[in-house]
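Look for chain A in each of the two complexes below; its partner is chain B in the first and chain C in the second.
== the complex of A and B ==
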């Protein structure tokens, strides 16, 4: 478990590399212990194609620079803090309409019917504001979810970091970085990923591309 | 100066002024042309007028945000579509969503208790002070009996009561009861805010300010009773000024901060009708997996609102990425990211 405490000048970043997920669900358990939403796990652990694959993938809030969820909220209940972290809905304001759940391009917010509230990952504000890694990143054994300084990342990990995404014509910039091999290819085009199946040829042996 | 005037919402100002006119007219007529208006409360009246203008102004501006305007329209559409059924459902909805606040109970019993204490304390205080301030309600002693009073609504005499009875005590101490309720809630909230690291981390300035404000109003109000009952009225004048100041500042804060949720949150009733109507209507089908995932109406509404907010999720096949269910969005993001690192592992 990562216990490093980062100072304000370290400027730690959150990095996601879903291809590394091993589906252990440690993040799911850890998330429910986050101080800002104790007992509620807000991370998604997706089984990509349950029938054909064991592959899983985590999804945390990517903390968009211009969050779609906040813009479509009729109650103006979703706010960014000064660090650019998109907070969970303000409890007194959220009227439980689920607009954010349906509009988020990453499919992140959850509508919790019992509480009649939207809840979402706030990057463990209680921890990150004090320099600690978010719960999920602190327990992820495969570093699919990772928190640290860019220098630490480049010292220990392969790949480059991108914070740009394309959803059809909509470009989105996020606070959370994703790992790619080909940073020069620009933002991750979400709809283009469908062209190549998940398990068709995971190690690219057939076309000899790698 | 030009930038100030251009940033003022004219329609909001108009609605605010109309609301102020209604309050002033209500005061004038309700107090029988100011005969029963208590001049000692004129400061409170200014506070009320400011709060009414501010709240109505902000509400009018809020209602014009595209997603809010859409939901407001759809909520009423849904209500009108089945008026009889929806009107019949209203008392239960108000009971759970507005008065009982059962959604907080399921989140935390302690927070529900605290919120109920503050809520009913404030409701009780508002029901007493607003009619008194506007001159709609006053008390007169009956004949020569110093301990018997009659409640007057405008100039119409209603119930009589003896000051020495339980009813008399409750009526004259109504605001003390309200203050004790609110204070109990404030202390429970304060305990959580000071001890829970999670709550501290997402603390916003307004959270403590509201608790401090409620504390100040309640305590200064209780001091007035202490002064008159046990201190022979010592310090009453200064305490009265202090209490008025806290109440007027509180009223002036209403439109700006956290307490605006009092007016905003009942929008939840419209959402309840919208959701019921949507559940009965056709479902939107995910463009990726083909499963139904949400109401077609809500997805259509969102796709009307998104461009107004500056978003374009259109795809090359003239469709919309927004027609993807949240689960498939997460899968698509994963597949796209993994493709850029040459697969998993």
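== the complex of A and C ==
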């Protein structure tokens, strides 16, 4: 796990695969152990619709190449470091206006009232700068959050890595990758009915032939 | 009479559970780290490697242990926050005796007074009522060294037959099934076999919440294209993406397995060569399954017949396959039968003793594997020997330096011990690391029993719900305060290193037991210079047994990142995968098929109690919650038990999500918020069991046990459900 700085050339990348998330919150608990913001967990873990599903979704900062949060900041408080990692707002500059909270297309920044400051995932700069994986990706038991080189990913895991996003007319490229089904196979028509499986009726309540 | 001395409120005020939110010094403290200790998590049988950071004899944080091969730094939330159990305001720091007049009902005393009282009560009770009227209950959060020592202590110092352990509520059905069919009680595979399987079948195991690390192994198999089958009454988190989901009704697993065997035979998806060369009694198993058609099983299990057929085809036609099972199929009065029926499927298709092949239990408790090998079960001696077999007794007596006749015979299993206390046959109790006031079935009965004890002493680090009944409380050691070994769910013996010393006047558990033994006049058998000496004696005592540790040493275990038993001689490399070449642990080397006809659960639903109850765990809590209900981050994650029910059931009862509901069985009732979710069978409700008193799910469960393993039926009961009021938290 001794690796070089985050996200440069063939160096490690951060990957999110929402389909693997088991909602255990190891990431949430571990985030608060990060040396740069001890006691404050900055990762998001959403329960999508617990009434209907156990699906949960972890969300770290996606670390945009041109971060919207920084663009809308009136105090010029949000900076990227030399690795392109977007930092929490600089404490002396942040005016707590929450422009960034509202503008981020991924919903990542949090205004933390106790500190009167916008805080967000900084990709565990203290760890990644020394060659260690971020806390959340270190502990994630299902590897829904994962840190390693693209070569390692493709050697062992399935799916395509995506780092380009469209929000209306806004195109965003991120340092963090998401895993999706094989992109080369083309889009899936979810309404076609061909992929219907047990998940549509887990307990066979509509199945007369049980 | 061992009644709780003061009100519950007064007990909670003094002994908690209070919540530890931050490490010593607070989150902002920039403490210098004196040392970083390689050890393991204490919260489950996966035994993940973890590094604990120490400052001034306090654990102040953790660091992932990337090099430990099992988990490579991964942890679940319990592991992340485990370090906060240390330096806790509720930690027991002094011996105490019950005293109604003292704050919280207990008065601090010196060690000498406390131990003198324990010894005099042991002697009084045994002189008055006989040796076996004093019982001991133990637990498998203890290391191998302590488990071994407890077994020896109960037999040679207390001279009681009545010693049992909390693995009775965890691993005994799997152990019994494995011994009957395969000849040995150990998971057959190292976890590195899981990624090599072409089909992975989880049966009655909520892997994502109870063994989170195992999900990464299953995903590694799926990345290779493996299919995943999940068998559970609930769409548990891992099931969400499964290839096939078998929504089995609680208590019907053996019918499902029988129908799969029926289909394997009907379609000839069998490994005849393997069956002929390496097994016996296939015909008997086949005959029992002859009428177990998928259509028949569909009626009983609620799993559509077509899905049973699909499961059989996936299992039967895949070259490799792993079935992983846990308490879902094991905590039943048919627990052993369910395990045998599962093993039948592995034997029929030749899925043993090869890479990526096996039918394996997932051990639940921290040292649930090692703790069930070395002699603190009521019927067992070290090396997983049988206390009723003369040669086994002789072998251990020789190591202990006693005459065979000095070792008591087979004692009562845990539930029977509680029943014997209730019946007035057992009058005294010493417990360590066991909290039956939360974890036993029918806990109202258990509390009644505890009230009847003439004398009860407990060794623990927090005052558990059971410990509140004690006459004498002896402060023992936390996992991180003592050195030893444990054996993980994959059979890997690992090293537990002490990070800190016990705080205050608390002592290491082994020292307390040896001190009591000395005062009972049996000290000659309990003089050890170190825990390593206990381990070396354990290895000698295990030598020639099935769980053979002969060649294991602390040095090897540590330097080799664990050692898989059996290690039958010095220099032996260990045995990660069992039964290679189809050689099973019987004299003839052949595995045993078993006929498993179906029978219903102990209690079935009827007009009065029309809904099935099943119980289990949540990811942020561990067992009876004695440790995890004291850690703020974990409590925040799931603060109180909820009753999961399907909207169809909820609608029929006029219940909305968040409403208070009262769930009633023939044993008791519980009122708690409803969680209305489509992820559970409409005929079943689920309640997690980690909480005490009025929040205890085990108020409802039935005190019926498996006739072979004496495992209680935690997973099946009949209940009724009614709305009790508005939602508590809008």
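As a convention for this text, the second predicted complex is superposed on the first by the 172 of 210 C-alpha atoms of A that agree within 3 Å, B and C clash if a C-alpha of one lies under 4 Å from a C-alpha of the other, contacts with A are read in each partner's own complex, and residues count from 1 in each chain.
FYI, a contact is a pair of C-beta atoms (placed from the backbone, for glycine too) under 8 Å apart; a residue touches a chain by one contact, two chains touch by 3 or more.
A quick note: this is a predicted structure, and the numbers were derived from the prediction, not measured.
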| item | value |
| --- | --- |
| Touching partner for A:179 - first (chain B), second (chain C), both, neither | first |
| Chain B versus chain C as contact partner of A:38, first or second or both or neither | both |
| Most chain A residues touched (candidates chain B, chain C) | B |
| First, second, both or neither for A:29, with chain B first and chain C second | second |
| Partner chain in contact with A:117 - chain B first, chain C second, else both or neither | first |
| On chain A, positions contacted by chain B and by chain C | 19-20, 38, 55, 198, 202-204, 209-210 |
| Contacting residues of chain A [partner chain B, same complex] | 16-21, 34-38, 44, 46, 48-49, 55, 57, 59, 66, 68, 71-76, 87-88, 90-93, 95-99, 101-108, 114-117, 122, 125-126, 129, 159, 165, 167-170, 178-182, 185, 188-196, 198, 201-204, 209-210 |
| Contact footprint of chain A on chain B as seen in their complex | 62, 65, 67-68, 70-72, 97, 103-104, 106-107, 196-202, 204, 258, 261, 264-265, 267-268, 271, 274-275, 288, 294, 298-299, 302, 305-306, 309-316, 320-322, 325-345 |
| Residue numbers on chain C that touch chain A, as the complex places them | 22, 26-28, 61-62, 64, 66, 71, 73-77, 79-81, 208-209, 212-213, 215-216, 219-220, 223, 235-242, 244-245, 247, 298, 302-307, 619-620, 633-634, 637, 646-648, 657, 675-679, 681-682 |
| Of chain A, residues touching chain C in the complex | 1, 19-20, 22-26, 28-30, 32-33, 38-40, 50-56, 133, 135, 138-143, 156-158, 198-199, 202-205, 207, 209-210 |
